[in-house]
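The letters A, B, C and D name the chains in turn, as written, and every chain counts its residues from 1.
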C-alpha cells in the first residue's frame, strides 16, 4: 500500500499552516522506503534520502531559528558540517562524495532532528504571529520553497537508487496512469515579433534569478502544442539518431560515444520491446507519454533531426503567461508523466517534464546576487548550464510559476527532463 | 636574430596574392624554432607546430584542391587520418592526444607537403583566374581565415611548450615593448537603452556564427575606456581575491582550490616581485600592460571584486561599431600586449587581448549551420563556452571584425585573454 | 551494553555444532550495529556488513547445499549475482564497487536468508550424520573457515566505516584493555643455519596454500621476542622516518608523497598528543601496545630505520612451531591489541596483529591449485602480495595455525597489521 | 642503409678502450633515427632517445667526473634536474611524465654534452692511468654497465615510439633473420633435488642484487631445451586462452578484460594472418621464432594452459651455469629473436628474449644495499616485480652473466620478454 500523499497547498493558507503541510509532505514521500534506502548515494549527483531530510531541516535551523530565536539550543553542533550543501559563508561542510558513506546519524535520529526543529519554528511563529514584515517571514517562505525543491530531488534521486539495484525494487505498487489518448499531429502556438517583458515583477515570493522583469526583443516564432512523446523519440532512435554525428553538439557526440548512449536513461530493450524503469517499477514503454530523462544533448539532437529547434526561455515564458491558469489546476503530484489530450490548444506546460530551452542559464540584465549568505542561492551557478521551464510530475503543487527558471548542465539525465519543439515564425 | 614578420595583408590584393602572403607568414612565424620544438604537445589543448603546419595544408587539399582540380595526385593518403582536426564527415581522424607522439612525417616532409599543395592551389587559380563566382573562391577565402586562426594558435601553443620546459627558452630575443604610459583613471563610454542591430549583414567574408544580423534590446550601460591592467589585477590578488569564495562562480572556486590558483597563468613570484613568462622570455611584470592569460572565472571574479561586471557581446559590438577604424590601423602583430595611451576615448578594442564577455556562445536568432561538411565549422561548439570579443596582439592584421565572435570554455588560460569592465548605465 | 561474544569453539565439538557456533558468532558481532551501518562501503576494499552476511551464506548454499541436497529450493536466484565475490567459474557477479549501493535485500531479508540456508545445512547433516568421508564434509569445513575469515573482515571493515563518519561512532563502549606492562628491551630467539621443513603435512583442515610441506634451507637468524610497539613507532616518526626517502622502497616513497602519509591509519594528533581510533572509539595512544594498521611499506621502512629487517615466512614458521601452544591458549577475540608481558621468551605470535614478512606470496614448490571451482580459492591471488603470519586480536579462536598464510598487497593499511623484527644470526 | 653496429667488446680491452667502445655503440644505435624521433615519449614507461643519451652522460658526470676531477667545469648546471632518473639523494629531478615534453636541449646540444663529458673522462683516466684500485675505476665500470642497460632500453623504447605512429616507420631496412629450422619436440634438461649455491661470488663486476652467493634447496625439476615459439603461442590463442579465466591470475584476468588483450603487444591480425611489428617493420609472424613482448600474466597463463610452469630463478641459474659458454659466443646484437636449432641440448639461454621466472624480485639472504647514493641502484625496487633471466637479442655483448637478474612488473609488455617452460622432476 502506498502513502496518502498530501498536496493541498493553497496559498490562501497561513504561512505556518503551509510550513506544516510542506514538512508533512516530505515525510509522506518517504513512506514506501526501507531504512536501507535512506542511506546510499548511487552516483555523484544523487544525495541520500537521509541527507535531504536533514539538509532541509538544517536550512531552517541555520537561517531562521538561530538568528531569531535566542533561546534555541542547537540539536547537534556537528550537524552543520554534515548537512550544509554549498553555502561557503555558512562554514565548512562535508565533501559531497562522502554523503552516502555516513551511516550515522540514523534515520530515526534524523526524524528526531526534524521534529525538534519543527517545534522551534512553531515557537518562533507564536511570537511573530502574523507580522509579515518580520525578517524571518521572508526567509521561512524561502525555506518552504527550498524544501519543495528537495521533495522533487528526493524522488528523482530515489528513482536512481532503486534502478541501480539489480533487483529493480518498486517505489509505488499502483500502476502508472494508463490514460492513453490518440496520437497528436503537430499544432503550433504563434509568437509575433516585437518587444516583450519577461521576468517577475510581482510582490510575491520568487527566487532571485527570476528578477528583475526586463524588456527583450523576440523574432517571430511558434511553439508546439504538446511535448515530444516516447513514440516520436523512438522514431529518432530507429532512424539512427544515436549514430549520426552531424545531429549532435561536439561535446554531446563525445558523450554518446564514451558512454555508449543508445536511448534515454532508464530505457531498456528486451523481448523485442522498449521498457522504462519508473517509480511504479519497470513497464513497457507507452508511446503517447512524453519522453523523459534525456540530456540537453539529446533534446538538441532530436530537435535538429526533426527539423525544428528548442524554444528560448523568453518564448516559453511569453506563451506560458497567456495560459497561466494551467499551473493553478495542478492539484497533486503524480509519479510519471501523462499523455496530452485531444484538445486543440497548447498544453503540458506544467506538471509533466521539465522542458529544456536553448537559453544558457545566466543573469537577467540588472540582476545582482543579494549580499547575505542566502545570496549564494542561485547566482554562483550561472555558468555552463541551460534553463529548463515548466515543472514536472514530481513538482509539488504551489511550487510552479511561469517565470520559474530551473537549470541543469548539458549531460544531466537523472532529472525528469523532456522537450517541446519550437520553430522560427 | 628574429625573422622579418610579414604583415602587409591589404584586402585590395588579389585572392592568390593574399593566399601567398598568408602561407608565407605562417612559415615566417616558425623561424625562431628548433626542429625539436615542432614535435611535442605540452598539454591536451596544445597542438604541435608541425601539426598546425600540416593541418592547415590538409584543409586546402581536402576542401579546395581535391573537389576542383581533377588532375591532382594526393600527396600521401595517410595524412588525412593524421591531420583532420574535427570534421566528422571528412572521415576518421587520429585521437587528439596522439598528435604530440607522431614523430613522422618529419618537419622537412611537412614543409614539402606545404609546397606541394601550394603549387596545386596556384595551378587551380591559373584556371579559375578571377572568376570570383567559382565555388572554390569562397572556400579558399575560408581557408585563409582558417589558417590565420591557426597562426594565432601556433604562437599561443608554442608559448606554452617553451614555458613547460624548465630551461624557459625564449621565442624572440628582442625585448617587449617598453612604452609605458601614465596610469589611467577609469573613464567610460555610454550606451543608451534601446533597440539595436548586431551581427554581420555585409557582403564580405565572415564566419557563419556572425550571422544573421538581428535586432536586440539593450538596457542602458557603459564600457570602460581601457582594459584591466596588471597593476589592477595585482591589487585584486593582494586583496585576497583568490581566497574569497564569495567572489567566484561555484565551478571557478572549485578550480581555484583543485589547481591551487594564485595568479594568471605564466605569472611567477620571486625576489619579492611578480614575473611573467612571455614570448620574449621571462620579464618583471609591467604594471600598465593589460592583464592576460586569465580564465573566464578569473575575469568574472575580478569584475565582481571591482564592483562592476563584464560586458555583453551586444554592448561590446555596438560600441566597437562606433570606433571600427581602430581595427584598420593595425599593421602588424606584436608578441605581447601594450599599455593604453592617455587619450580620452575608448581604446584597446583590438590587437591587445581577447576580451571575455558575459555572453554564452550560442546561435543568433535565425542561425542554422550550413549543410555541407564545412557546416561543422562553428555550430557544433555552441555549448558551455563564452564569447570573447576584439582581437589579440597575435591576431593577424586583416583578421579582425567588429562582429567577430571568438569563444573558449570557462577554464581556458593559455589563450591571450583579458577583460574590459562594464556597468549598468 | 555490548553483546556477549561467543568464542568457545573447541575442535572437539562435532562439525554441525561448530557450524552453529560459527554462524551464531557472526550474528553476535553485528549486535552493536544500527541498520544503516550494514549498508555502505567506505572505500573500495571495504564490503558492507550486509554483504559479508549474505556472501558467507551464499558460499554454503552454492558449494554445499545445491550439490548435495537435491530437494533444496533456491532462496532467491538473483542473489547469486549479488553475493558471489570472485569465483569466475560460479557465474557472473556484481561489480565490486556496486556492493555498497544496493539497499535491497534489506538487512532483515538477509537475516531470513541466513536462517533459511542454516536450516538446509541442518537437513543435509541429518542425512550425512557423521559420515566424515562424504564430500560435503570437507567443503563444510572449508565454509566454516571461510566464514571465520569474514568475521575478521567484517570487524576490520566496520571499523573503517565508523571512522569515515565525522561523528566517529563507537563500536564497543567498554574501554580497551589497560594492562600496560613495563617497556621491553629487545631480546631474541635464535635460528640455526640448516635445512628445515615448512608447510602443513597433517591430516587436518588447512587452506591449499599451506601445502605441501617441503624442505627449505635457512641461514642463521634471530627473531625479536615481541612486536614493535606504538612507542617505538612514534620514535621512528619523530626521527623523520616519513621524510627520509632512503628508508623506503620506491613505490612506498611515492605513496608517502601522494597520500601525504605521516603516521599509521587511524592515528590523529591533537592537543599535543597522538590518538588512535579503535573499535572502542578514539583513545590516546598507548605506548606499549603493538603498532597496528601499517602498510608493508611502513613496516619495511621501520625495520630499515631500526637497523634490522622483517622475518621471512620460513623463519617465522620454524620459531612458531616451537611455541605452538600459544595459539591454543587463545580463548576469545578482543577488539584491540595488548602489550607484551615481562616474560623472557618469544610472545605475541598470535592474537595481536598480523605480522608482515619479507616473503612474497607465491606457491610452495609442488603446489598446484585444485581443479574444481573451489580451486580458485587462493592460487589466483599469488601475485604482488606479501605473506603475513600469526593472527590478530580479531581472528576467531580455532582459526589459527603455525602454517597459516595470510596475504595483502604492499599498500594495505585497514587490516590489523604490524611487525616483528628479525636479523641475520 | 643501416649503420655498422659495433659489438666487439672483449673484456680483455682496457677500461678506457671499453669506455670508448660503449659510448660509440650508443651513438651508432641512433643512426637510423630522425631528429623528431629523439624527442617524444609514447607512453609513461618510454623515455625519449634524447633523454637516454643525456641521462647516461649525466651518470658519468655526476658520479665519476665531479668527485674525482676537481678542475671540471659543469657543462650546464640545469641538466642535473632534467636528466637525473631516480636518485633521490642526488637532488631534485624532473617528473618522469615531463621527459617527453622538453624540446630543449636540442639533439645537437645533447651530442655536444656527450662529447664534453667524454673528454673529461679521458682526462681523468690519463691521470689514473691503470690504477685499478682508484675508486673511480669501479664506478666507471658501473657506468659502462649502466649505459649498456640503456642501450637495450633505447631500442626497446624507440620500437614503441615507431609503432605508436600510424605510419609505422621502419628502424632497420634489412630483413629479419630468415633462418627457419624444423619445429622442435619438447626436450628437457633435468635438475636433481638437493642443496645448491646461487648468486655471484667472483671478483668481477656485478650488480649488487646478484650477491651474496648463498645456499638454496631445490626439489627435482626439469627445464625445456628451447623457448616457447610463436606457433605454440598461437595455439594458445586459438584454443581460447584469452577467454578462459581459470588460466589467469586474478590481476591478469582483470588486465585481459580492461585492455581487451587478445595477443602479444605488436601483434596484429589482417588478411587472415598474424603480423608482428619489429624493428625491421611489420612482418608476417614467423612460427619458429620465440614469442616476445608478453607480460608475466601471459607467460604464466600460457604455462598453465600447456600443463607446465615457469622455472624459478634458482633452477634457471643452476642450468645456465652448466652451459655458461653460450653467453661467450654472442658476438653482436640482433634486432629480433631467432629460431632454435635442431641440436639436442638446452639452448637460447642468452641473446633471444628475457625469460620470465616465477621468482619475485627480492633481496638474497644477507643482501643489504650499499650506503652511498649508488646504493639506490637496485634495492629500492624490490617490490611487486618478477625476475627475468638470460638476455635478449638487444642486450649488448659483454653484458650477460648467468647470475644476472633483470626484473619487471607483471604487466610489462614493451620489453623483449618471452618464456621457457619448466616442470617438477
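What we mean here is this: contacts are C-beta pairs under 8 Å (C-beta built on N, C-alpha and C of every residue); 3 or more make two chains touch, one makes a residue touch a chain.
Predicted model, so just to flag it, every value in this text is computed and none were measured.
Peer 1: Which chains contact both subunit A and subunit C?
Peer 2: Chains in contact with subunit A as well as subunit C: not a single one.
Peer 1: Select the chain at the greatest separation from subunit C, using centres from the mean of Cα atoms.
Peer 2: Farthest chain from subunit C, going by C-alpha centroids: B.
Peer 1: Report the inter-chain centroid distance for subunit A and subunit D in whole angstrom, where each centroid is the mean of the CA atoms.
Peer 2: Result: the chain centres lie 61 Å from each other.
Peer 1: Let me have the rounded angstrom distance from the C-alpha centre of subunit A over to the C-alpha centre of subunit B, please.
Peer 2: 39
Peer 1: What residues in subunit B touch two or more of the other chains?
Peer 2: Nothing qualifies.
Peer 1: Determine which chains touch and list them pairwise.
Peer 2: Taking the chains two at a time, the touching pairs are A-B, A-C, B-D, C-D.
Peer 1: Over in the complex, which subunit B residues touch subunit D? Could you list them?
Peer 2: Subunit B reaches subunit D through residues 34-42, 50, 78, 81-82, 94, 98, 100-107, 161-162, 164-167, 169.
Peer 1: Per the contact definition, I'd like the list of subunit B residues that touch subunit A in the complex.
Peer 2: Residues 86, 88-89, 195, 214-217, 219, 245-246, 248-253, 296, 358-360, 362-363, 365-366, 376, 380-384, 409-410, 424 of subunit B touch subunit A in their complex.
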